[in-house]
Amino acid sequence: MKKILVIHGPNLQLLGSREPQVYGTLALKDINSQLKLLAAKNKVSLSIVQSNHEGEICDLIGSAKNKFAGILINPAAYTHTSVAVRDAIAGCGVPCVEVHLSNIYTREAFRQKSLISPVVKGTILGFGAKSYYLGLLALLDLL
Amino acid sequence: MKKILVIHGPNLQLLGSREPQVYGTLALKDINSQLKLLAAKNKVSLSIVQSNHEGEICDLIGSAKNKFAGILINPAAYTHTSVAVRDAIAGCGVPCVEVHLSNIYTREAFRQKSLISPVVKGTILGFGAKSYYLGLLALLDLL
Amino acid sequence: MKKILVIHGPNLQLLGSREPQVYGTLALKDINSQLKLLAAKNKVSLSIVQSNHEGEICDLIGSAKNKFAGILINPAAYTHTSVAVRDAIAGCGVPCVEVHLSNIYTREAFRQKSLISPVVKGTILGFGAKSYYLGLLALLDLL
Amino acid sequence: MKKILVIHGPNLQLLGSREPQVYGTLALKDINSQLKLLAAKNKVSLSIVQSNHEGEICDLIGSAKNKFAGILINPAAYTHTSVAVRDAIAGCGVPCVEVHLSNIYTREAFRQKSLISPVVKGTILGFGAKSYYLGLLALLDLL
Amino acid sequence: MKKILVIHGPNLQLLGSREPQVYGTLALKDINSQLKLLAAKNKVSLSIVQSNHEGEICDLIGSAKNKFAGILINPAAYTHTSVAVRDAIAGCGVPCVEVHLSNIYTREAFRQKSLISPVVKGTILGFGAKSYYLGLLALLDLL
Amino acid sequence: MKKILVIHGPNLQLLGSREPQVYGTLALKDINSQLKLLAAKNKVSLSIVQSNHEGEICDLIGSAKNKFAGILINPAAYTHTSVAVRDAIAGCGVPCVEVHLSNIYTREAFRQKSLISPVVKGTILGFGAKSYYLGLLALLDLL
Amino acid sequence: MKKILVIHGPNLQLLGSREPQVYGTLALKDINSQLKLLAAKNKVSLSIVQSNHEGEICDLIGSAKNKFAGILINPAAYTHTSVAVRDAIAGCGVPCVEVHLSNIYTREAFRQKSLISPVVKGTILGFGAKSYYLGLLALLDLL
Amino acid sequence: MKKILVIHGPNLQLLGSREPQVYGTLALKDINSQLKLLAAKNKVSLSIVQSNHEGEICDLIGSAKNKFAGILINPAAYTHTSVAVRDAIAGCGVPCVEVHLSNIYTREAFRQKSLISPVVKGTILGFGAKSYYLGLLALLDLL
Amino acid sequence: MKKILVIHGPNLQLLGSREPQVYGTLALKDINSQLKLLAAKNKVSLSIVQSNHEGEICDLIGSAKNKFAGILINPAAYTHTSVAVRDAIAGCGVPCVEVHLSNIYTREAFRQKSLISPVVKGTILGFGAKSYYLGLLALLDLL
Amino acid sequence: MKKILVIHGPNLQLLGSREPQVYGTLALKDINSQLKLLAAKNKVSLSIVQSNHEGEICDLIGSAKNKFAGILINPAAYTHTSVAVRDAIAGCGVPCVEVHLSNIYTREAFRQKSLISPVVKGTILGFGAKSYYLGLLALLDLL
Amino acid sequence: MKKILVIHGPNLQLLGSREPQVYGTLALKDINSQLKLLAAKNKVSLSIVQSNHEGEICDLIGSAKNKFAGILINPAAYTHTSVAVRDAIAGCGVPCVEVHLSNIYTREAFRQKSLISPVVKGTILGFGAKSYYLGLLALLDLL
Amino acid sequence: MKKILVIHGPNLQLLGSREPQVYGTLALKDINSQLKLLAAKNKVSLSIVQSNHEGEICDLIGSAKNKFAGILINPAAYTHTSVAVRDAIAGCGVPCVEVHLSNIYTREAFRQKSLISPVVKGTILGFGAKSYYLGLLALLDLL
């Protein structure tokens, strides 16, 4: 059974309580449950991690080879600032799909540049929690 | 039965023969067939148009209200240059999803800016023809 | 009796139904009626066209010489992207006045640059439908 | 009888003698006479001030509330440099119309940015002295 | 008894009536009263001036030496445009503290640059009227 | 006998009457006659089109394969704004030469960037109508 | 008794020994002692943390809700690079005050932009250790 | 006997006491004495004004025609911010020479742009008080 | 018999051996032979110089008047950096045509700006050695 | 015996398996062995750390004083994004040498700026693993 | 008797014949004669060189120490492009004055930046040949 | 015995006497002696040239093939301005190492860009004269 690594970037642990008018009232655990159902239906297992630590995210990605068949990542704030996460993805040898809850291109100027997009297979953004589900489908299709 | 308007922007009629090492050998009619199958499975009908004309694309979008429940668009070159298409989407009153075959953020600088992203519900890019299928799923989910 | 060419640029056919909180509920035909009344009062006749097609707008302007004494244009989205419309105005040999419903300088950055302003006699912006009426007065005064 | 405050910004006292090939030979007092005739015809009275002093212009605008029904201003050089005049207009609670004799968008780069446009009701530019007359009509219409 | 010069920059005379949803309903005289109480408590006297005139503000600062032990200034609009006020502060030989009612870094791009910050001892911004009180405390501490 | 597609971009139908002090008094039909003579002398036939429509130009280029051995294009205003024409040339599989009547690098800043140059075989600019003749020679030499 | 979270950002553990000619000889523990005295006098307790880890700072801020009534933060280097810390503050639901020892606007260009300022209640900078004390007073006043 | 208007811009009244390590210990009155001696030797008379007020400087320049044969100006801070002074010089009809005590091109970036240079006959900068004397010689030579 | 000065700019002596996959295996002497044949056929003589020295190129151009009827130049690297060569061409009083072997607009950003284009009669680029032959034809046509 | 701290920045643990066509097949442990041999030959001992954590790297550098005589660092991705690492180096009081395997100035634009270079003694880049050996020699020479 | 080195930069040998409507009909030898008269009157001797070669100008400046008491330079085109000439002046140990015939700040954008101004004692520009004479006076005064 | 070409760029002949507080008191001949000793120890011979002439440096590099096994260059000022030297290195077919005495990334903005770095094998900067010695070692290692 193939394994997929799901990475939730910084501050996503606050989902549900954080600016609910913007991000909705769905908590991260709700998204995770949905993702697991979808994974089960597609005969893959998920390993899900949330981390606020750029280094930890790099550690995870850097050691993904031979353990995971693909990576689904919402890099959150590190989308815009982390060359380290970008290099980890580029160098890890595992296909990666990038998702975002919100449409980052409608937000502040500094969010309108993704350092991550150039090194992933594809990007899905703006569909809320459904960005994750579509992202998982896209990743499964790539494998 | 709900109807979806699918718009293929400029030069997409060349798909399959145009730079196959970049865009693959799948022709536009093949993508359209797949989209129709997927639509049928989801009980919606599709109206599919390819146009190289910015004005024609605006005409279509501007008259979509009351005729279509949603719009799936690959704006191609107009992604980067057309305020007119952007305004048409923003003003048409119909939810719209943007897709791209390639990851535009790995290409020339002038392709790394989408005038369209800020006015659509969400964007899917980089998965080749699958960007369209995921986009249709995303649109169906929004309706 | 002198003739004036009035050109409504892209998406203005949606006026009234398009984002009424922004553009008001006045439809384009209402503005046209008002313009015709004002023209009649000033002993000129109007030829009014709305087009979403950059090329069509260029065709119209390019053939205006000897047919029209002046041009009143709301270039809408093409204000910001069309060197072709700019060149048509600069080369057509007919005096032109530019109008905008909204104050484009309070909107997105890409709307804060007019390619058209440098080639017209003058510009009126921000007064809603009244921008057109003032524009027609200004044009009459120039003739 | 409603009162309108007309403000002529810096160096406009030189009109007529200043670069006549650019600004024409009409003096400021000639424009003022025309404006007064037009005001009288429309049953409003005008209070007209020319000042080279940014602070004085702010003083005038800041104290306009309850004294004037509207402001007609040609901010001249302060168009491009004065956040103070902008803030005065934004904060004064009186509707304001901005006019320019010349088409500022055909001139030096530093003149192609108006700090004032985003805080006025509308702008009229490029029609010479007629910019003022059209501006007064526009202002009367707003009241 | 030490004397402090307090300078309120352009348009601050409108405080209370100017955009109350943004700036609150506290008038400038209320802030001045609070500042005087705080000064009395700290055994210093205040000389308070509001001016819309860049030159007048320069005059005041330029003659502060030997008359005042410190300057508390809210440069308002001149924060972003006045090299003259900057030079006056840099050259006057009296320690200066800069305050702002609002958080200028959340506002328009042109307000996100302070010409004044590099020449003052320190800056306090975003706390409304309390920015003044904290600024006075900071200044007293410097003396 | 080989066929060459010659495309005259927007507003070139005005040649001769449009700003003759800039563009000369030679009309487009005169250039076309010269081009045909030159083609005949070199044993190729020409298909010549003038269009103000970006979409029409894309249609023409997109269907050139197997019909034309080469394309000679003066993209005029679309030189600076059309990613669609660029993509059409890049994808059409037919060698293309770009010409300009005037030296675009001596004109406005927005004309000093060609979106088309990077996808053509070569560019000839600044020689007036002779740019076309030299361009045809260059294209013939490439075939 | 209300609790305040005080966060010292990266490299502040070096205070006192680090470039004393710039930052003075006061060590971080000295500032902390002063802050605790001031807190005690104002009947609040402090929880003080120094961390070089962006992720750890996000963890702390993200879990501050219901534990702390306010946050006093000197983001140091992360002021200029951390969207993650910005998002943590924006999403944590606890009022936050930003302080800086030095006047960042007199330093290198990359330090003249704060990603943090737009999401805090207010900012105090340039007063050395006193920035902290004034910041604590400002925070207490907000509670 | 010809008359020359000498204008000292903002903060120059502080000369001698203001940052003497930068500007030297020579006071403005010393420079004025030297200028008068030099003028007398050259049979012209001087009218010397120092002002911190942009408007006042515009008033002076605007009324110079028929009163003065030339203007010698050190615009100081207004060099970099005043379009109004620039327009006054361009419109006044009197030849003008610009001088600066310091080499503004070795100072902060915002001082490395002169709005005034493009409208004067010539500029002399970096020679301290001698910039004035050379400037007067240059002006005399122009008359 | 008219004489033409042909100038090959820096590093062109390496042609043939320098990056042959980019520049081809044709040596400079081969191009020169072809140019001479073409010149002979057109009854003009050529004086051909290759130089790596900016000053030498300026010397040549500066003394071309009365000696040469035209200049054909490939400025190579100096295209992008030499204001001196630009000024020499602008001031020499001899018509000049600019050629480039490669399409400079498809190369590094710093090569996408020609300082020379604005001062020549026209430019031909991207046709390899044929750029020279077309350039000579263009120059002959201008004489 | 003097001790040197060697820091390998983020993702360098992947060396050898990561994009071998770019970075070669040499693993980090191979470089470390070579460095230790070279150190032994020069009578210094090495403490070698690889970390993906910006904070950890700051911790290490911040505590290097009195423990290490010098630091040899390949900041990898943090070269371009970490003000925190820069401040740690600037404040730690230990001489530091920066090395890079690849020539960062031939790569993406965002890699062509080093935040670290301005605070180190010197930089060596582009020589692959040999950059480390040369860097160690340079550091030894500085001690 | 003190000696002064006078350097005329590239293309100044063309003075008089080069664009006389811009640069006047005065030849370089006329300026040199005037300079020598002025030098003689002031008891200094001049060594005058014109060169189009950046390297030659550097050679001259680099060997000026102990031979010349001062340098008067019109760097012409090298003003805007030569870091080498700048470094030569900064390193030569001889005071230098920069002059320009024209007002470079009214010309093309690339001429509005002087690399030389920051390393000279002062600059004189815009007075035609008189810039040289004033420059010599200024230099004599510095010695 | 292999031969190495060592090139010292412009103004390096001044070393020792030029700004000794910046560049030290070591003269160029001292560095050359050290380099020759190091070369002898490594069984290579050196050919050392210092030149202020961009063209001469291009001549040398262009003719290095078959004569030299490697090039060690300190391009000095030409680092930042010479596309010609860059092209010479790229085209000469001999491996090249770039060195700088000072850390150019701590100096003026225009020095923080190297046109040369992208075409050399590697770069060493900031170690003073030792940059040369390390550079020679690096070059020897490459051969």
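By written order: A, B, C, D, E, F, G, H, I, J, K and L. Residues from 1 in each chain.
Quick note on the criterion: a residue touches a chain if its C-beta (ideal position, glycine included) is under 8 Å from a C-beta of that chain, and two chains touch if they have at least 3 such contacts.
Everything numeric here is computed off the predicted structure, so don't read it as measured data.
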| item | value |
| --- | --- |
| Partner chains that subunit B and subunit L have in common | none |
| Which listed pair, D-E, H-K or A-B, duplicates the contacts of I-L in over half of its pairs | D-E |
| Euclidean distance of C-alpha centroids - subunit D vs subunit H, Å | 30 |
| CA centroid of subunit D to CA centroid of subunit K, Å | 47 |
| Contacts with 2+ other chains: residues of subunit D | 53-56, 81 |
| Complex interface listing, subunit G residues touching subunit A | 53-56, 58-59, 62, 65, 81-84, 86-88, 90-93, 115 |
| Interface residues, subunit I side, partner subunit L - complex | 9-11, 13-14, 17-19, 51-56, 76-78, 80-81, 110-111 |
| Subunit D-touching residues of subunit C, taken from the complex the two chains share | 103, 105-106, 114, 117-118, 120-127, 130-131, 134, 137-138, 141-142 |
